[in-house]
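Beneath this line is the structure, given in C-alpha coordinates, with notes to follow.
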Amino acid sequence: MSADTTLYSATFLIGFGDCDPAGIVYYPNYLRWFDSTYHGFMRSRGKTHQIFCNENGLIGTGLMDVGATFRSPGRDGDDLVISIVSAEWRDKSVRFNYRGTVGDRLLIEGYEVRGLFMRDGDRLRLAHTGPLKAYLEGDDGERPRT
Amino acid sequence: MSADTTLYSATFLIGFGDCDPAGIVYYPNYLRWFDSTYHGFMRSRGKTHQIFCNENGLIGTGLMDVGATFRSPGRDGDDLVISIVSAEWRDKSVRFNYRGTVGDRLLIEGYEVRGLFMRDGDRLRLAHTGPLKAYLEGDDGERPRT
Amino acid sequence: MSADTTLYSATFLIGFGDCDPAGIVYYPNYLRWFDSTYHGFMRSRGKTHQIFCNENGLIGTGLMDVGATFRSPGRDGDDLVISIVSAEWRDKSVRFNYRGTVGDRLLIEGYEVRGLFMRDGDRLRLAHTGPLKAYLEGDDGERPRT
Amino acid sequence: MSADTTLYSATFLIGFGDCDPAGIVYYPNYLRWFDSTYHGFMRSRGKTHQIFCNENGLIGTGLMDVGATFRSPGRDGDDLVISIVSAEWRDKSVRFNYRGTVGDRLLIEGYEVRGLFMRDGDRLRLAHTGPLKAYLEGDDGERPRT
(Lines give C-alpha, C1' and ligand atoms only; values in the text may rest on other atoms or scores of the structure.)
Protein backbone atom coordinates (compact mmCIF):
# COMPACT_ATOMS: atom_id res chain seq x y z
CA MET A 1 0.00 0.00 0.00
CA SER A 2 1.50 3.29 -1.00
CA ALA A 3 1.81 6.03 1.57
CA ASP A 4 -0.12 8.51 -0.52
CA THR A 5 -3.42 6.74 0.14
CA THR A 6 -3.10 7.47 3.84
CA LEU A 7 -6.02 9.55 5.10
CA TYR A 8 -4.55 10.52 8.45
CA SER A 9 -1.66 9.58 10.72
CA ALA A 10 -0.88 10.16 14.36
CA THR A 11 2.27 9.37 16.31
CA PHE A 12 2.30 7.81 19.78
CA LEU A 13 5.43 7.43 21.84
CA ILE A 14 5.11 3.99 23.40
CA GLY A 15 5.90 4.30 27.08
CA PHE A 16 7.00 2.04 29.88
CA GLY A 17 3.51 2.07 31.34
CA ASP A 18 1.97 0.95 28.05
CA CYS A 19 3.89 -2.32 28.32
CA ASP A 20 3.14 -5.47 30.28
CA PRO A 21 5.39 -7.75 32.35
CA ALA A 22 6.65 -9.37 29.13
CA GLY A 23 8.01 -5.93 28.21
CA ILE A 24 5.75 -5.49 25.17
CA VAL A 25 2.70 -3.33 24.59
CA TYR A 26 -0.37 -4.41 26.54
CA TYR A 27 -2.61 -4.99 23.55
CA PRO A 28 -5.77 -3.03 24.49
CA ASN A 29 -3.59 0.07 24.23
CA TYR A 30 -3.45 -0.40 20.45
CA LEU A 31 -7.21 -0.04 20.35
CA ARG A 32 -6.96 3.15 22.41
CA TRP A 33 -4.52 4.42 19.80
CA PHE A 34 -6.83 3.42 16.92
CA ASP A 35 -9.67 5.31 18.60
CA SER A 36 -7.43 8.29 19.34
CA THR A 37 -6.29 8.38 15.70
CA TYR A 38 -9.90 8.38 14.53
CA HIS A 39 -10.70 11.29 16.83
CA GLY A 40 -7.60 13.11 15.60
CA PHE A 41 -8.84 12.55 12.04
CA MET A 42 -12.19 14.09 13.02
CA ARG A 43 -10.51 17.12 14.57
CA SER A 44 -8.15 17.53 11.61
CA ARG A 45 -11.24 18.49 9.57
CA GLY A 46 -11.98 21.31 11.97
CA LYS A 47 -14.43 20.00 14.57
CA THR A 48 -14.27 17.73 17.57
CA HIS A 49 -16.35 14.58 17.55
CA GLN A 50 -18.75 16.24 20.01
CA ILE A 51 -19.38 19.26 17.83
CA PHE A 52 -19.86 17.11 14.75
CA CYS A 53 -22.34 14.92 16.63
CA ASN A 54 -24.25 17.87 18.07
CA GLU A 55 -24.60 19.42 14.63
CA ASN A 56 -25.90 16.17 13.18
CA GLY A 57 -28.23 15.07 15.97
CA LEU A 58 -26.04 12.09 16.87
CA ILE A 59 -25.13 10.70 20.24
CA GLY A 60 -21.91 9.28 18.84
CA THR A 61 -20.06 7.61 16.00
CA GLY A 62 -19.67 4.40 17.91
CA LEU A 63 -18.03 1.07 17.31
CA MET A 64 -19.88 -1.80 15.67
CA ASP A 65 -16.91 -4.03 14.99
CA VAL A 66 -13.18 -4.00 15.59
CA GLY A 67 -10.30 -6.27 14.71
CA ALA A 68 -6.52 -6.32 14.76
CA THR A 69 -3.65 -8.56 13.80
CA PHE A 70 -0.38 -8.21 15.69
CA ARG A 71 2.70 -8.47 13.46
CA SER A 72 5.56 -7.62 15.76
CA PRO A 73 5.79 -6.34 19.33
CA GLY A 74 5.97 -2.69 20.32
CA ARG A 75 8.24 -1.65 23.19
CA ASP A 76 9.03 1.26 25.49
CA GLY A 77 10.63 4.04 23.49
CA ASP A 78 9.17 3.07 20.10
CA ASP A 79 7.60 5.88 18.09
CA LEU A 80 4.44 4.27 16.80
CA VAL A 81 2.76 5.82 13.77
CA ILE A 82 -0.90 4.82 13.40
CA SER A 83 -2.32 5.53 9.96
CA ILE A 84 -5.84 5.34 8.64
CA VAL A 85 -4.98 3.87 5.26
CA SER A 86 -8.47 3.66 3.78
CA ALA A 87 -12.17 4.09 4.47
CA GLU A 88 -14.90 1.81 3.09
CA TRP A 89 -18.23 3.61 3.10
CA ARG A 90 -21.60 1.88 3.30
CA ASP A 91 -25.05 3.36 3.91
CA LYS A 92 -25.16 2.69 7.60
CA SER A 93 -21.53 2.02 8.50
CA VAL A 94 -17.97 2.85 7.59
CA ARG A 95 -14.89 0.72 7.94
CA PHE A 96 -11.58 2.44 8.66
CA ASN A 97 -8.44 0.39 7.99
CA TYR A 98 -5.43 0.99 10.21
CA ARG A 99 -1.73 0.24 10.07
CA GLY A 100 0.74 0.81 12.87
CA THR A 101 4.45 1.04 12.14
CA VAL A 102 7.69 1.83 13.96
CA GLY A 103 10.08 3.01 11.28
CA ASP A 104 9.85 0.37 8.54
CA ARG A 105 8.59 -2.29 10.90
CA LEU A 106 4.88 -3.21 10.78
CA LEU A 107 3.43 -3.75 14.25
CA ILE A 108 -0.28 -3.98 13.68
CA GLU A 109 -3.01 -4.00 11.06
CA GLY A 110 -6.61 -3.57 11.98
CA TYR A 111 -9.96 -1.95 11.39
CA GLU A 112 -12.85 -0.24 13.08
CA VAL A 113 -16.42 -0.36 11.76
CA ARG A 114 -18.35 2.64 13.02
CA GLY A 115 -21.95 3.71 12.80
CA LEU A 116 -23.69 7.02 13.41
CA PHE A 117 -25.98 6.49 16.37
CA MET A 118 -29.12 8.53 17.00
CA ARG A 119 -31.59 8.30 19.81
CA ASP A 120 -34.97 6.90 18.78
CA GLY A 121 -37.10 7.01 21.91
CA ASP A 122 -35.48 4.60 24.37
CA ARG A 123 -33.44 2.92 21.70
CA LEU A 124 -30.55 3.73 19.41
CA ARG A 125 -30.75 3.58 15.66
CA LEU A 126 -28.24 4.01 12.86
CA ALA A 127 -28.25 7.15 10.74
CA HIS A 128 -26.89 7.41 7.19
CA THR A 129 -23.14 7.89 7.01
CA GLY A 130 -23.44 10.64 4.41
CA PRO A 131 -22.74 13.58 6.73
CA LEU A 132 -19.61 11.93 8.15
CA LYS A 133 -18.33 11.08 4.67
CA ALA A 134 -18.87 14.63 3.46
CA TYR A 135 -17.17 16.00 6.55
CA LEU A 136 -14.14 13.71 6.44
CA GLU A 137 -13.68 13.96 2.69
CA GLY A 138 -13.93 17.71 3.01
CA ASP A 139 -15.83 18.23 -0.24
CA ASP A 140 -16.00 21.85 0.70
CA GLY A 141 -12.33 22.22 -0.13
CA GLU A 142 -11.55 23.26 3.42
CA ARG A 143 -9.81 20.11 4.50
CA PRO A 144 -6.98 21.01 6.85
CA ARG A 145 -4.09 18.53 6.87
CA THR A 146 -2.03 17.76 9.94
CA MET B 1 -7.46 1.67 62.27
CA SER B 2 -10.01 -0.97 63.08
CA ALA B 3 -11.85 -2.70 60.27
CA ASP B 4 -15.27 -1.75 61.63
CA THR B 5 -14.83 1.88 60.60
CA THR B 6 -14.71 0.84 56.94
CA LEU B 7 -17.46 2.51 54.93
CA TYR B 8 -17.18 0.37 51.82
CA SER B 9 -14.83 -2.17 50.25
CA ALA B 10 -14.38 -3.56 46.78
CA THR B 11 -12.12 -6.36 45.57
CA PHE B 12 -10.05 -6.18 42.39
CA LEU B 13 -8.16 -9.14 41.01
CA ILE B 14 -4.86 -7.67 39.85
CA GLY B 15 -4.18 -8.96 36.37
CA PHE B 16 -1.17 -9.42 34.14
CA GLY B 17 -2.24 -6.44 32.06
CA ASP B 18 -2.40 -4.19 35.12
CA CYS B 19 1.34 -4.66 35.61
CA ASP B 20 4.29 -2.98 33.96
CA PRO B 21 7.59 -4.37 32.64
CA ALA B 22 8.94 -4.48 36.22
CA GLY B 23 6.14 -6.95 36.95
CA ILE B 24 4.34 -4.70 39.44
CA VAL B 25 1.12 -2.72 39.14
CA TYR B 26 1.33 0.26 36.82
CA TYR B 27 0.46 2.89 39.37
CA PRO B 28 -2.31 4.88 37.62
CA ASN B 29 -4.37 1.69 37.90
CA TYR B 30 -4.60 2.22 41.66
CA LEU B 31 -6.35 5.51 41.01
CA ARG B 32 -8.77 3.77 38.66
CA TRP B 33 -9.50 1.36 41.51
CA PHE B 34 -10.00 4.22 44.00
CA ASP B 35 -12.46 5.83 41.60
CA SER B 36 -14.20 2.53 40.94
CA THR B 37 -14.53 1.90 44.67
CA TYR B 38 -16.09 5.33 45.15
CA HIS B 39 -18.61 4.60 42.40
CA GLY B 40 -19.35 1.21 43.95
CA PHE B 41 -19.96 3.02 47.25
CA MET B 42 -22.43 5.33 45.49
CA ARG B 43 -24.28 2.40 43.93
CA SER B 44 -24.33 0.45 47.19
CA ARG B 45 -26.72 3.12 48.49
CA GLY B 46 -29.12 2.37 45.65
CA LYS B 47 -28.36 4.79 42.82
CA THR B 48 -25.68 5.19 40.21
CA HIS B 49 -23.59 8.34 40.23
CA GLN B 50 -25.54 9.54 37.19
CA ILE B 51 -28.94 9.20 38.82
CA PHE B 52 -27.72 10.87 42.00
CA CYS B 53 -26.30 13.76 39.97
CA ASN B 54 -29.43 14.12 37.84
CA GLU B 55 -31.61 14.26 40.94
CA ASN B 56 -29.40 16.92 42.51
CA GLY B 57 -28.77 19.12 39.49
CA LEU B 58 -25.08 18.20 39.39
CA ILE B 59 -22.83 17.51 36.46
CA GLY B 60 -20.61 15.32 38.60
CA THR B 61 -18.92 14.67 41.92
CA GLY B 62 -15.50 15.38 40.53
CA LEU B 63 -11.96 15.27 41.82
CA MET B 64 -10.36 18.30 43.41
CA ASP B 65 -7.34 16.58 44.91
CA VAL B 66 -5.86 13.09 45.03
CA GLY B 67 -2.88 11.50 46.71
CA ALA B 68 -1.44 8.08 47.37
CA THR B 69 1.50 6.47 49.12
CA PHE B 70 2.74 3.13 47.84
CA ARG B 71 3.72 0.73 50.63
CA SER B 72 4.43 -2.52 48.81
CA PRO B 73 4.02 -3.67 45.24
CA GLY B 74 0.95 -5.41 43.84
CA ARG B 75 1.39 -8.25 41.36
CA ASP B 76 -0.53 -10.40 38.89
CA GLY B 77 -2.84 -12.71 40.81
CA ASP B 78 -3.13 -10.58 43.96
CA ASP B 79 -6.65 -10.02 45.28
CA LEU B 80 -6.60 -6.35 46.14
CA VAL B 81 -9.20 -5.05 48.58
CA ILE B 82 -9.71 -1.30 48.37
CA SER B 83 -11.54 0.13 51.38
CA ILE B 84 -12.92 3.58 52.03
CA VAL B 85 -11.89 3.80 55.66
CA SER B 86 -13.28 7.23 56.48
CA ALA B 87 -14.92 10.35 55.05
CA GLU B 88 -14.14 13.90 56.17
CA TRP B 89 -17.00 16.22 55.31
CA ARG B 90 -16.66 19.94 54.70
CA ASP B 91 -19.19 22.40 53.29
CA LYS B 92 -17.91 22.30 49.74
CA SER B 93 -15.78 19.17 49.63
CA VAL B 94 -15.38 15.73 51.08
CA ARG B 95 -12.23 13.72 51.57
CA PHE B 96 -12.42 9.95 51.30
CA ASN B 97 -9.51 8.01 52.78
CA TYR B 98 -8.52 4.75 51.11
CA ARG B 99 -6.47 1.71 52.03
CA GLY B 100 -5.57 -1.12 49.69
CA THR B 101 -4.52 -4.49 51.07
CA VAL B 102 -3.71 -7.97 49.80
CA GLY B 103 -4.40 -10.28 52.72
CA ASP B 104 -2.58 -8.68 55.68
CA ARG B 105 -0.19 -6.77 53.47
CA LEU B 106 -0.75 -3.03 53.00
CA LEU B 107 -0.15 -1.92 49.42
CA ILE B 108 -1.44 1.61 49.30
CA GLU B 109 -2.93 4.43 51.35
CA GLY B 110 -4.48 7.43 49.72
CA TYR B 111 -7.32 9.89 49.47
CA GLU B 112 -9.63 11.62 47.07
CA VAL B 113 -11.11 15.08 47.71
CA ARG B 114 -14.31 15.48 45.75
CA GLY B 115 -16.66 18.35 45.15
CA LEU B 116 -20.22 18.53 43.83
CA PHE B 117 -20.04 20.45 40.58
CA MET B 118 -22.95 22.42 39.12
CA ARG B 119 -23.15 24.40 35.96
CA ASP B 120 -23.32 28.16 36.48
CA GLY B 121 -23.63 29.66 33.03
CA ASP B 122 -20.38 28.85 31.24
CA ARG B 123 -18.60 28.00 34.44
CA LEU B 124 -18.67 25.32 37.10
CA ARG B 125 -19.33 26.04 40.75
CA LEU B 126 -19.29 23.92 43.88
CA ALA B 127 -22.54 22.95 45.55
CA HIS B 128 -22.93 22.07 49.22
CA THR B 129 -22.00 18.48 50.07
CA GLY B 130 -25.11 17.98 52.20
CA PRO B 131 -27.08 15.88 49.71
CA LEU B 132 -24.14 13.52 49.12
CA LYS B 133 -23.54 13.13 52.84
CA ALA B 134 -27.20 12.36 53.48
CA TYR B 135 -27.23 9.88 50.61
CA LEU B 136 -24.04 8.05 51.58
CA GLU B 137 -24.81 8.01 55.29
CA GLY B 138 -28.26 6.74 54.49
CA ASP B 139 -30.01 8.64 57.25
CA ASP B 140 -33.25 7.34 55.88
CA GLY B 141 -32.47 3.94 57.36
CA GLU B 142 -32.51 2.36 53.91
CA ARG B 143 -28.79 1.89 53.54
CA PRO B 144 -28.17 -1.31 51.62
CA ARG B 145 -24.86 -2.95 52.46
CA THR B 146 -22.79 -4.94 50.00
CA MET C 1 -25.04 -21.77 22.69
CA SER C 2 -25.83 -23.53 25.92
CA ALA C 3 -24.32 -22.19 29.10
CA ASP C 4 -22.75 -25.52 29.99
CA THR C 5 -20.12 -25.19 27.28
CA THR C 6 -18.67 -22.13 29.03
CA LEU C 7 -15.05 -22.69 30.01
CA TYR C 8 -14.70 -19.75 32.38
CA SER C 9 -16.57 -16.59 33.35
CA ALA C 10 -15.62 -13.42 35.17
CA THR C 11 -17.80 -10.53 36.30
CA PHE C 12 -16.85 -6.88 35.87
CA LEU C 13 -18.84 -4.06 37.39
CA ILE C 14 -18.89 -1.40 34.69
CA GLY C 15 -18.00 1.90 36.30
CA PHE C 16 -18.46 5.57 35.54
CA GLY C 17 -14.81 5.84 34.57
CA ASP C 18 -15.12 3.01 32.06
CA CYS C 19 -17.58 5.09 30.05
CA ASP C 20 -17.01 7.86 27.54
CA PRO C 21 -18.76 11.21 27.03
CA ALA C 22 -21.62 9.39 25.24
CA GLY C 23 -22.22 7.58 28.54
CA ILE C 24 -21.36 4.13 27.16
CA VAL C 25 -18.33 1.91 27.66
CA TYR C 26 -15.17 3.20 26.01
CA TYR C 27 -14.58 0.21 23.78
CA PRO C 28 -10.90 -0.63 24.47
CA ASN C 29 -12.06 -1.51 27.99
CA TYR C 30 -13.84 -4.57 26.59
CA LEU C 31 -10.48 -5.85 25.35
CA ARG C 32 -9.00 -5.26 28.81
CA TRP C 33 -11.83 -7.38 30.18
CA PHE C 34 -11.25 -10.12 27.60
CA ASP C 35 -7.58 -10.21 28.56
CA SER C 36 -8.40 -10.16 32.27
CA THR C 37 -10.85 -13.04 31.81
CA TYR C 38 -8.18 -15.07 30.02
CA HIS C 39 -5.75 -14.45 32.88
CA GLY C 40 -8.44 -15.40 35.39
CA PHE C 41 -8.95 -18.63 33.42
CA MET C 42 -5.21 -19.32 33.68
CA ARG C 43 -5.22 -18.74 37.42
CA SER C 44 -8.35 -20.82 37.93
CA ARG C 45 -6.22 -23.85 36.98
CA GLY C 46 -3.84 -23.09 39.80
CA LYS C 47 -1.01 -20.97 38.37
CA THR C 48 -0.56 -17.39 37.28
CA HIS C 49 0.38 -16.72 33.69
CA GLN C 50 3.92 -15.90 34.85
CA ILE C 51 4.43 -19.20 36.62
CA PHE C 52 3.00 -21.15 33.70
CA CYS C 53 5.32 -19.31 31.30
CA ASN C 54 8.38 -19.78 33.51
CA GLU C 55 7.72 -23.51 33.78
CA ASN C 56 7.37 -23.81 30.01
CA GLY C 57 10.23 -21.60 28.88
CA LEU C 58 7.87 -19.01 27.41
CA ILE C 59 8.05 -15.25 27.49
CA GLY C 60 4.28 -15.01 27.17
CA THR C 61 1.05 -16.29 25.67
CA GLY C 62 0.61 -13.23 23.53
CA LEU C 63 -1.97 -11.94 21.13
CA MET C 64 -1.82 -12.72 17.44
CA ASP C 65 -5.30 -11.59 16.49
CA VAL C 66 -8.31 -10.05 18.19
CA GLY C 67 -11.80 -9.11 17.13
CA ALA C 68 -15.08 -8.01 18.63
CA THR C 69 -18.60 -7.14 17.57
CA PHE C 70 -20.58 -4.72 19.71
CA ARG C 71 -24.25 -5.72 20.10
CA SER C 72 -25.59 -3.26 22.65
CA PRO C 73 -23.98 -0.62 24.83
CA GLY C 74 -22.73 -1.16 28.38
CA ARG C 75 -23.27 1.55 30.97
CA ASP C 76 -22.21 2.60 34.47
CA GLY C 77 -23.65 0.17 36.99
CA ASP C 78 -24.02 -2.79 34.62
CA ASP C 79 -22.69 -6.11 35.88
CA LEU C 80 -20.91 -7.46 32.86
CA VAL C 81 -20.23 -11.19 32.68
CA ILE C 82 -17.48 -12.11 30.24
CA SER C 83 -17.43 -15.81 29.35
CA ILE C 84 -14.94 -17.86 27.39
CA VAL C 85 -17.45 -19.98 25.54
CA SER C 86 -15.07 -22.15 23.53
CA ALA C 87 -11.44 -22.75 22.60
CA GLU C 88 -10.24 -23.80 19.14
CA TRP C 89 -6.83 -25.42 19.37
CA ARG C 90 -4.29 -25.49 16.57
CA ASP C 91 -0.63 -26.53 16.64
CA LYS C 92 0.77 -23.05 17.01
CA SER C 93 -2.21 -20.99 18.13
CA VAL C 94 -5.46 -21.13 20.05
CA ARG C 95 -8.60 -19.11 19.53
CA PHE C 96 -10.74 -18.26 22.55
CA ASN C 97 -14.28 -17.15 21.84
CA TYR C 98 -15.85 -14.63 24.20
CA ARG C 99 -19.34 -13.39 24.99
CA GLY C 100 -20.20 -10.52 27.26
CA THR C 101 -23.68 -10.22 28.76
CA VAL C 102 -25.55 -8.05 31.25
CA GLY C 103 -28.38 -10.20 32.51
CA ASP C 104 -30.03 -11.59 29.36
CA ARG C 105 -28.70 -8.81 27.17
CA LEU C 106 -25.78 -9.58 24.84
CA LEU C 107 -23.27 -6.73 24.74
CA ILE C 108 -20.32 -8.17 22.90
CA GLU C 109 -18.99 -11.19 21.05
CA GLY C 110 -15.35 -11.56 20.23
CA TYR C 111 -12.24 -13.66 20.11
CA GLU C 112 -8.56 -13.67 20.91
CA VAL C 113 -6.02 -15.76 19.00
CA ARG C 114 -3.01 -16.40 21.19
CA GLY C 115 0.35 -18.02 20.62
CA LEU C 116 3.02 -19.33 22.98
CA PHE C 117 6.07 -17.16 22.40
CA MET C 118 9.62 -18.31 23.10
CA ARG C 119 12.86 -16.47 22.67
CA ASP C 120 14.99 -17.74 19.79
CA GLY C 121 18.16 -15.63 19.89
CA ASP C 122 17.06 -12.08 19.14
CA ARG C 123 13.75 -13.17 17.75
CA LEU C 124 10.52 -14.68 18.99
CA ARG C 125 9.14 -17.96 17.76
CA LEU C 126 5.93 -19.85 18.37
CA ALA C 127 5.95 -22.97 20.52
CA HIS C 128 3.41 -25.77 20.31
CA THR C 129 0.19 -25.11 22.19
CA GLY C 130 0.16 -28.58 23.77
CA PRO C 131 1.30 -27.52 27.26
CA LEU C 132 -1.31 -24.76 27.46
CA LYS C 133 -4.07 -27.10 26.27
CA ALA C 134 -3.10 -29.73 28.84
CA TYR C 135 -2.96 -27.11 31.56
CA LEU C 136 -6.28 -25.44 30.77
CA GLU C 137 -8.12 -28.71 30.13
CA GLY C 138 -6.74 -30.02 33.38
CA ASP C 139 -6.21 -33.58 32.15
CA ASP C 140 -4.81 -34.36 35.54
CA GLY C 141 -8.31 -34.25 36.95
CA GLU C 142 -7.40 -31.34 39.20
CA ARG C 143 -9.28 -28.65 37.37
CA PRO C 144 -10.56 -26.17 39.92
CA ARG C 145 -13.72 -24.34 38.86
CA THR C 146 -14.51 -20.82 39.89
CA MET D 1 7.22 29.99 38.22
CA SER D 2 9.07 31.05 35.12
CA ALA D 3 9.03 28.79 32.11
CA ASP D 4 12.81 28.60 31.93
CA THR D 5 12.98 26.36 35.01
CA THR D 6 11.10 23.62 33.16
CA LEU D 7 13.14 20.43 32.95
CA TYR D 8 11.04 18.66 30.34
CA SER D 9 7.66 18.98 28.65
CA ALA D 10 5.47 16.64 26.67
CA THR D 11 2.23 17.33 24.80
CA PHE D 12 -0.81 15.06 24.92
CA LEU D 13 -3.84 15.56 22.72
CA ILE D 14 -6.78 14.88 25.02
CA GLY D 15 -9.15 12.56 23.22
CA PHE D 16 -12.80 11.62 23.43
CA GLY D 17 -11.88 8.31 25.01
CA ASP D 18 -9.87 10.03 27.75
CA CYS D 19 -13.06 11.68 28.99
CA ASP D 20 -15.85 10.38 31.20
CA PRO D 21 -19.64 10.70 30.95
CA ALA D 22 -19.40 14.23 32.38
CA GLY D 23 -17.33 15.11 29.27
CA ILE D 24 -14.14 15.85 31.21
CA VAL D 25 -10.91 13.92 31.56
CA TYR D 26 -11.21 10.75 33.60
CA TYR D 27 -8.69 11.69 36.26
CA PRO D 28 -6.43 8.59 36.39
CA ASN D 29 -5.40 9.54 32.85
CA TYR D 30 -3.54 12.55 34.26
CA LEU D 31 -1.35 10.18 36.26
CA ARG D 32 -0.68 8.16 33.10
CA TRP D 33 0.45 11.41 31.49
CA PHE D 34 2.68 12.30 34.46
CA ASP D 35 4.29 8.86 34.21
CA SER D 36 4.63 9.14 30.45
CA THR D 37 6.26 12.56 30.78
CA TYR D 38 8.76 11.17 33.28
CA HIS D 39 9.65 8.35 30.87
CA GLY D 40 9.98 10.86 28.04
CA PHE D 41 12.36 12.86 30.27
CA MET D 42 14.43 9.69 30.80
CA ARG D 43 14.60 9.00 27.07
CA SER D 44 15.42 12.62 26.25
CA ARG D 45 18.79 12.01 27.95
CA GLY D 46 19.50 9.17 25.56
CA LYS D 47 18.37 5.94 27.21
CA THR D 48 15.08 4.25 27.93
CA HIS D 49 14.14 3.57 31.53
CA GLN D 50 14.94 -0.11 30.97
CA ILE D 51 18.46 0.52 29.73
CA PHE D 52 19.16 2.96 32.55
CA CYS D 53 17.89 0.42 35.10
CA ASN D 54 19.86 -2.45 33.57
CA GLU D 55 23.06 -0.41 33.65
CA ASN D 56 22.51 0.50 37.30
CA GLY D 57 21.33 -2.85 38.65
CA LEU D 58 17.83 -1.56 39.32
CA ILE D 59 14.49 -3.21 38.81
CA GLY D 60 12.82 0.16 38.38
CA THR D 61 12.50 3.79 39.40
CA GLY D 62 9.15 3.25 41.02
CA LEU D 63 6.57 5.40 42.71
CA MET D 64 6.65 6.02 46.44
CA ASP D 65 4.15 8.84 46.57
CA VAL D 66 1.95 10.76 44.16
CA GLY D 67 -0.41 13.68 44.43
CA ALA D 68 -2.37 16.04 42.21
CA THR D 69 -4.66 19.03 42.48
CA PHE D 70 -7.19 19.61 39.72
CA ARG D 71 -7.58 23.27 38.78
CA SER D 72 -9.84 23.21 35.74
CA PRO D 73 -11.24 20.42 33.58
CA GLY D 74 -9.61 19.05 30.44
CA ARG D 75 -11.78 18.15 27.45
CA ASP D 76 -11.70 16.34 24.11
CA GLY D 77 -9.54 18.29 21.71
CA ASP D 78 -7.44 20.10 24.30
CA ASP D 79 -3.68 20.06 23.74
CA LEU D 80 -2.36 19.35 27.20
CA VAL D 81 1.25 20.24 27.95
CA ILE D 82 2.66 18.41 30.96
CA SER D 83 5.87 19.94 32.30
CA ILE D 84 8.30 18.74 34.93
CA VAL D 85 8.93 22.10 36.53
CA SER D 86 11.43 21.05 39.19
CA ALA D 87 13.13 18.11 40.85
CA GLU D 88 13.89 17.86 44.58
CA TRP D 89 16.68 15.38 45.20
CA ARG D 90 17.19 13.44 48.42
CA ASP D 91 19.49 10.52 49.17
CA LYS D 92 16.90 7.82 48.62
CA SER D 93 14.13 9.58 46.72
CA VAL D 94 13.42 12.35 44.27
CA ARG D 95 10.31 14.46 43.95
CA PHE D 96 9.32 15.69 40.49
CA ASN D 97 6.85 18.56 40.38
CA TYR D 98 4.41 18.69 37.46
CA ARG D 99 2.15 21.28 35.89
CA GLY D 100 -0.37 20.64 33.15
CA THR D 101 -1.66 23.48 31.01
CA VAL D 102 -3.85 24.02 27.95
CA GLY D 103 -2.72 27.29 26.46
CA ASP D 104 -2.66 29.73 29.41
CA ARG D 105 -5.10 27.70 31.42
CA LEU D 106 -3.75 25.63 34.34
CA LEU D 107 -5.43 22.22 34.57
CA ILE D 108 -3.37 20.34 37.09
CA GLU D 109 -0.47 20.57 39.51
CA GLY D 110 1.06 17.51 41.06
CA TYR D 111 4.12 15.52 42.00
CA GLU D 112 5.64 12.09 41.91
CA VAL D 113 8.14 10.85 44.51
CA ARG D 114 10.26 8.10 43.02
CA GLY D 115 12.87 5.76 44.42
CA LEU D 116 15.48 3.55 42.77
CA PHE D 117 14.54 -0.01 43.63
CA MET D 118 17.03 -2.89 43.76
CA ARG D 119 16.47 -6.50 44.55
CA ASP D 120 17.89 -7.59 47.91
CA GLY D 121 17.18 -11.30 48.17
CA ASP D 122 13.39 -11.63 48.28
CA ARG D 123 12.89 -8.00 49.14
CA LEU D 124 13.28 -4.63 47.49
CA ARG D 125 15.53 -1.91 48.83
CA LEU D 126 16.19 1.68 47.87
CA ALA D 127 19.44 2.63 46.15
CA HIS D 128 21.00 6.09 46.24
CA THR D 129 19.55 8.51 43.72
CA GLY D 130 22.98 9.71 42.60
CA PRO D 131 23.11 7.84 39.29
CA LEU D 132 19.65 9.08 38.26
CA LYS D 133 20.53 12.66 39.18
CA ALA D 134 23.78 12.51 37.21
CA TYR D 135 21.95 10.99 34.25
CA LEU D 136 19.05 13.46 34.19
CA GLU D 137 21.23 16.49 34.86
CA GLY D 138 23.57 15.33 32.15
CA ASP D 139 26.76 16.42 33.89
CA ASP D 140 28.68 14.78 31.10
CA GLY D 141 27.74 17.61 28.79
CA GLU D 142 25.85 15.25 26.50
CA ARG D 143 22.40 16.27 27.51
CA PRO D 144 20.14 16.16 24.48
CA ARG D 145 17.20 18.53 24.70
CA THR D 146 13.81 17.90 23.16
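We call the chains A, B, C and D, going by the order they appear; numbering starts again at 1 in every chain.
Everything below uses one rule, namely that a residue touches a chain if its C-beta (ideal position, glycine included) is under 8 Å from a C-beta of that chain, and two chains touch if they have at least 3 such contacts.
Chain-to-protein mapping (UniProt): A, B, C, D = Acyl-CoA thioesterase FadM.
A quick note: this is a predicted structure, and the numbers were derived from the prediction, not measured.
**Q** Starting from the defined contact criterion, work out which chains touch chain A and chain B both, please.
**A** C, D
**Q** From the centre of chain C, which other chain's Cα mean sits the farthest off?
**A** Checked the centroid distances; the maximum from chain C is D.
**Q** Over half of the contact pairs shared by residue number: find the pair among C-D, B-C or A-B that meets that against A-D.
**A** B-C
**Q** Per the definition at the top, count C-beta pairs in contact and tell me whether B-C or A-C has more.
**A** Pair with more contacting C-beta pairs, B-C versus A-C: A-C.
**Q** On a C-alpha centroid basis, what's the spacing between chain C and chain D, in Å?
**A** Their C-alpha centroids are separated by 32 Å.
**Q** Please tell me the distance, in whole Å, between the geometric centres of chain A and chain C computed from their C-alpha atoms.
**A** A distance of 24 Å separates the two centres.
**Q** Any idea how many Å lie between the Cα centroids of chain B and chain C?
**A** 28
**Q** Going through chain A residue by residue, note those that touch at least 2 other chains and give them in order.
**A** 16-17, 20-23, 26, 28, 32, 35, 50, 76
**Q** What kind of graph do the touching chains make: line, ring, star, complete, other?
**A** The chain contacts form a complete graph, every chain touching every other.
**Q** What residues on chain B touch chain D, complex-wise?
**A** Against chain D, chain B makes touches at 20-22, 24, 26-29, 31-32, 35, 50, 59-60, 62-70, 73, 117, 124.
**Q** Provide the residue numbers of chain D that touch chain A in the complex, in ascending order.
**A** By the definition above, chain D touches chain A via 13, 15-17, 23, 32, 35-36, 39-40, 43, 48-50, 76-77.
**Q** Write out the stretch or stretches of chain A touching chain B in their complex.
**A** 16-17, 19-23, 26, 28, 76
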